[in-house]
Amino acid sequence: MEEINQELVPQEPAGKDKGKGDAYDKISIMLYNTEKLEEKHIRLSEVKDYKKLLDDEGAYQLWINLDDDYDESVVESICEIFSIHSLVKEDIIEKGQRPKVEDYEHYVFVVAKMIYYKEDRLTLEQLSFIVGNRYLITFGDEEGDVFDSVRNRLRKEGSLIRREGTDYLLYSLIDSITEGYFNVLETMGEKIDLIEEKVISSKTNEEQKEIRELKKDLLFIHKFSWPLREVTSWLAREESLVLNKSTKVFFDDLSSQLIQVIDTTDTYRELLSGLIEISLSNISYRLNEVMKVLTIISTIFMPLSFIAGVYGMNFKYMPELGSRYGYLITWIVMIVIAAFMVYYFKKKKWF
Amino acid sequence: MEEINQELVPQEPAGKDKGKGDAYDKISIMLYNTEKLEEKHIRLSEVKDYKKLLDDEGAYQLWINLDDDYDESVVESICEIFSIHSLVKEDIIEKGQRPKVEDYEHYVFVVAKMIYYKEDRLTLEQLSFIVGNRYLITFGDEEGDVFDSVRNRLRKEGSLIRREGTDYLLYSLIDSITEGYFNVLETMGEKIDLIEEKVISSKTNEEQKEIRELKKDLLFIHKFSWPLREVTSWLAREESLVLNKSTKVFFDDLSSQLIQVIDTTDTYRELLSGLIEISLSNISYRLNEVMKVLTIISTIFMPLSFIAGVYGMNFKYMPELGSRYGYLITWIVMIVIAAFMVYYFKKKKWF
Amino acid sequence: MEEINQELVPQEPAGKDKGKGDAYDKISIMLYNTEKLEEKHIRLSEVKDYKKLLDDEGAYQLWINLDDDYDESVVESICEIFSIHSLVKEDIIEKGQRPKVEDYEHYVFVVAKMIYYKEDRLTLEQLSFIVGNRYLITFGDEEGDVFDSVRNRLRKEGSLIRREGTDYLLYSLIDSITEGYFNVLETMGEKIDLIEEKVISSKTNEEQKEIRELKKDLLFIHKFSWPLREVTSWLAREESLVLNKSTKVFFDDLSSQLIQVIDTTDTYRELLSGLIEISLSNISYRLNEVMKVLTIISTIFMPLSFIAGVYGMNFKYMPELGSRYGYLITWIVMIVIAAFMVYYFKKKKWF
Amino acid sequence: MEEINQELVPQEPAGKDKGKGDAYDKISIMLYNTEKLEEKHIRLSEVKDYKKLLDDEGAYQLWINLDDDYDESVVESICEIFSIHSLVKEDIIEKGQRPKVEDYEHYVFVVAKMIYYKEDRLTLEQLSFIVGNRYLITFGDEEGDVFDSVRNRLRKEGSLIRREGTDYLLYSLIDSITEGYFNVLETMGEKIDLIEEKVISSKTNEEQKEIRELKKDLLFIHKFSWPLREVTSWLAREESLVLNKSTKVFFDDLSSQLIQVIDTTDTYRELLSGLIEISLSNISYRLNEVMKVLTIISTIFMPLSFIAGVYGMNFKYMPELGSRYGYLITWIVMIVIAAFMVYYFKKKKWF
Amino acid sequence: MEEINQELVPQEPAGKDKGKGDAYDKISIMLYNTEKLEEKHIRLSEVKDYKKLLDDEGAYQLWINLDDDYDESVVESICEIFSIHSLVKEDIIEKGQRPKVEDYEHYVFVVAKMIYYKEDRLTLEQLSFIVGNRYLITFGDEEGDVFDSVRNRLRKEGSLIRREGTDYLLYSLIDSITEGYFNVLETMGEKIDLIEEKVISSKTNEEQKEIRELKKDLLFIHKFSWPLREVTSWLAREESLVLNKSTKVFFDDLSSQLIQVIDTTDTYRELLSGLIEISLSNISYRLNEVMKVLTIISTIFMPLSFIAGVYGMNFKYMPELGSRYGYLITWIVMIVIAAFMVYYFKKKKWF
């Protein structure tokens, strides 16, 4: 990339110990100050060298990013280099964390959940951040994903993000994540509209499974957006050595955006509950319609069949049978009964 | 308008650069002090001139209003003139904001949602306010709408609004918006009453769709009135350079009015839920009625048809068939059975 | 009334300007100290005279009461005399207020809702109170209603209410209102018991409308008792120039009584929800019963009718038809089938 | 009782003014210090004498207990002797109180609700406590009930309760009451288990009435345990002249026991709601079963009856009728149809 | 075990008074400092000796564990040795406690609930902890269960747990318990997935009983995880003599883990409620299907049977009967009717 002016840490020849499992490809760094930017993949062993640069006069800031499939030993090494608490290390490795923020005096540890649709399925990814004085370590992004827009902004010389500290970089990344939440919610909104149309005209209860799926997804979004909001409002509120006062207003903005996320999930859940109600009511209503048809048919033909049955009896002395107009009169009677029944149901507005 | 005594900023000839896209029609200002009022449409380039007037001795106050369809560049220019934070700018342009208030020391930024019925559909409009020392900038009102009553009050010399600061002007505008909420709720109350009557006498479940629509509308009102109340209670509570203490009591009053709005939406939602319950119960009940008819008919005619069927059999030796009174007795038996059935259902209060 | 010793403000001749619309009948006052009590209807123009008396040495206290159908100008005049804030004036005139309390340094403004059954319908009435130093102004009571018991106590020389300040008078009036809430709840409790009996033995779903009515009423009681409790707890808690410390314990007592009111509405709503559940379950259960009857009848007679139908066929070669005992055997078979069916349903406990 | 060493207040001859309505039997006292205990029934007029003893050097403590059916005058006299506030007096007499605690500087007033099953019905009893410096007055216990265990402990010389102050005595009594709540909940737990078994195997919806009864009972327990917990947590938290610091830990323990009570009522209510759900689902499910039977029977016999009907027609030219094997073939066709239907329903798993 | 270097308290000959009911097997201790570890079963009488060691210079820490089936006297003795408050003693013996923490200045008392699946049934076990200066007493673990992992860590020389105080030991044990909650929830998650599959394809409502069982289990987990979280957050927050500041961060971590537990129970309950909804909707939907079959059959065959019935009548003068093509035409008419019905239902999408 053309913005890189010089390499601050001389790179060892690429072929040397690559393949030794030194996780060469997994660690990418961006070292920058207002003037310079260095961006490359480094080996675990080089991390220490870059850390030293931070104490130099160049006012450099360092962003170390580890891909999703790092192994524990790498996390351990990095935590050692930056003297990170052992609990933090465990939280990074253990994937089932809730979003949270923890203040360890010289650095702040943040866990967040990225959320997106992948092949129409809601997918979660855990991201961990350690933000210290002039360094930010991120764990878990599959390179080229959500963080790319931030990387691009960093590459632009003179951009705000180049001038601000690593806390602003943290804000930018969480902002990216938050945008992901909005995207997911938008997709959901469209899905709900689609289902609504289907439910209203539907003859089956198949939509209920779709509704259930969406409800489950909303449960998960709610589950992770709620604590993420707590994280951002903590970052906007608390005093910490590594958070500049000027960045607080940005986290405050994030916090109010996340309230919007939570609000929207609540609204969506109510809408889905309403759809289930409609779906159930439709089933009941169609049952009613079916039963009306059955009842109308039965009520018309049962008396008629009875009459036919009567004159099918084989009694010897049935005066009507011999009558010249018996058959005709029977038909007339039957038609009158049927007509009366139809009138009755019309009046009752059954059809 | 006759109240305008003189033009404080000499207007350039109208024909000059109009049409150059200087957004001439979109920016309207009202410059006033207790004695004078100037009201006109200005170009973007003139805003700066009016701003300078505020530092003059005339104790002028300035209200700048931008119409709904401003483009980003206009917002940007104005924000630059008044040195507004970039986050504020983004919030103004981005329409999907939640109502909120943010204090930036020298000015306060407020987002609110106006709500009204337009062709029987609930319509939302986002309004943004920047209130600073002696100036108020509003974004998003289609001219001549909710703000007109406030404009009229401003035009009256000696009115309270002319004597008070821009914070009171802000109060007056939010008060207008709040009144809009009440109007919407009133319309809704009438709609609910109408639906209630329909539901009770209804034979279908069509009302449920209407109920659902109303419920959705209430969700939206709730969604925007809640944070608006937070905004007003913030304005009533917090200390700020641009809010006079004497205006706090007015915001407090707004806040308690908005609690009334929220309360009413809650009450309405419970009423609508009750209506759905009634509608569902009606469906069940009508099913019951239908089934009773079917059962009565079946229970009466099945035994009769059976008897008729028996004597329609062609066995050679059926002593009853030859009997002189067989036919008569059969009729009597059938009538007795039918009568008994009718009696039975009467006793069971089925009809 | 015989307690009135002398008239402190000389009354103008009654016939003089009565009928001039000076609202003579609508303003009633009670002026009292521990020793004297004056009680009469006055004109608007006389209010000022009575106000002056309060600054005298007689340690008089003044209760001014305006009837429900005062017009705005009267409220305005009185507010002017006692220099009341314009927001208060508006709140008094505007009827749709939520109960609230507002402290304006030299006086406290209270809005409350009186509630009672009138011809079996829940009725609301808004009452406003302005309590200042040695005066209390009440708006909205139809004379002779809830306040009469308080008036009677005032008339008794030596009573506590005569010895205490206007804040105690305020307490007594709100206490009267609270008692009204309890009366309404008691009536409701009886109604719920009645409906419960009806629902359990009912064959229709008509009770659901009654339940809905009661639920609506409870919503309203809840809506107004909740803020009233906030009012009383405010009065028990906050420091104010016009509230004596010794009166706080009384407002505290009111507050805990209103919690009881709110609690009871909650309990009643759960009871009513339970009743709807029972009513719906009854409908379902009766449907079951109806269907059982239908099924039993069908299941018994369909096979029998089929058999009869078979031997009603006109095939030439049907050996059974010629048999001597064919008819008898057919009957036996049919009875056996019917008996088996009955046994089967008995075993399944269908009847 | 043998622990009574001497009578501290010389008793007037029993026969003297007994029967004068001096409520001789209703007031029982226990006067004790670490060494001595006097326990007897006294007249109202004697209360004053015992009160004087408290100021003596003997470090006596006095527990006065009034039975449930005291009349107002007695309460009034006692309140006068101990200079109790008039609101307290009213709260004692008025039975419909919510549990509460009120601090009147020199004494603390507590209202609690005792709860127990009496002939399988939940019964409430209001108890009031006034605890002052070295005296405790209790109102409302039917002698020999919940307080007996406490009395027995008091009678034991050297017991903790004899050594501690009246605040510990208050704790012991409320502890007794709390135990009553647990007993009631235990009984309820058993009832719920019983109903659950019944509901699952039930054919009717009769259990719903029982469930409703239990739900009502839980509402009442919840209603009174919640404020009682507030009372105990107040007693554990607040500073008061009459509460020793060492007793606070005991009230804290009570408070956490009452949270357990409230928790359990919540759990029980959810269980009961689940039971109603099951009961309703059972009804629906049984309806399904009934309808299946009806449908199977109809679907098998309707086509068969139709065939029989066809060959029961009297057309002159019906070739099948003359056929030698017509009857046989018809039977075969009918059996095939029936078999197919049975196979169809088996495949659909209808039975 | 090889780590035990020497016995600090000389053990009495094993055979001496074993069997005297001195609860020899039930009390196990672990005495350790950074260098040494002694682990054995001791008699009640020896506890005192070990306690004395704590005041020695060896900086020993003592963990005393009592098995589940201790009797009261043992608890009493131990409480006496460590001068524990009598309320604590009662709470240990009484099994129905809610998780809680209580601070008694020189020691902290903690109650927790262990939860696990035993033969597919959720099982609860109450554990009590008394943590004091350099000693921890645990009550209630069946040896070799949850605490074994902690024991193993203790046995490793140089491990963190050996270097930290008894508060860290307490953390480790509660951490073990918390892990148990996660295990249970994982098992539940799998169960829910299984039931979901069953419900969707089910023809009965049997799954509802399983769902109910799971819901009950979730109620219990919720009931005990909630207060446990309060316990851990108390331990993370409050100042106490026996809790080191460095341990607080660990309890904070536990606290956030328990929030995850509670969150998950909530999510699971919503999922289960959704399943019940689906199950009920399935029942309704199947009823619909059943009724459609019945209606189709009835609607087709009733008219046909009626026609057959008509021509089965025995009137003398029925012109159709003599017609050569009467029978054929009748069949055609019947087939047309049937075909029309089938077409009608197809159009209505009934099958």
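Note that the chains are named A, B, C, D and E in the order they appear, and that numbering of residues resets to 1 at the start of each chain.
Just so we're on the same page, contacts are C-beta pairs under 8 Å (C-beta built on N, C-alpha and C of every residue); 3 or more make two chains touch, one makes a residue touch a chain.
All values derive from a computational prediction rather than experimental measurement.
The chains that touch both chain D and chain E are none; no such chain exists. The angle of the rotation superposing chain B on chain C, based on CA atoms and rounded to the nearest 5, is 70 degrees.
A straight line joining the Cα centres of chain C and chain E is 45 Å long.
Distance from the chain A centre to the chain E centre is 28 Å, each centre being the mean of its Cα atoms. Taken residue by residue, chain D touches two or more other chains at 280, 284, 287, 291, 294, 298, 302, 305, 309, 312-314, 318, whereas all remaining positions touch fewer.
Because contacts link each chain to exactly two others and close back on themselves, their graph is best described as a ring. If you check the complex, the residues on chain D that touch chain C are 85, 87, 91, 96, 98, 100, 102, 203-205, 208-209, 212, 215-216, 219-220, 223, 276, 279-280, 283-284, 286-287, 290-291, 293-294, 297-298, 301-302, 304-305, 308-309, 311-314, 318, 320-327, 330.
Those residues of chain B lying in contact with chain C across their complex are 200, 249-250, 252-253, 256, 259-260, 263, 267, 270-271, 274, 277-278, 280-282, 284-285, 287-288, 291-292, 294-295, 298-299, 302-303, 305-306, 309-310, 312-318, 349-350.
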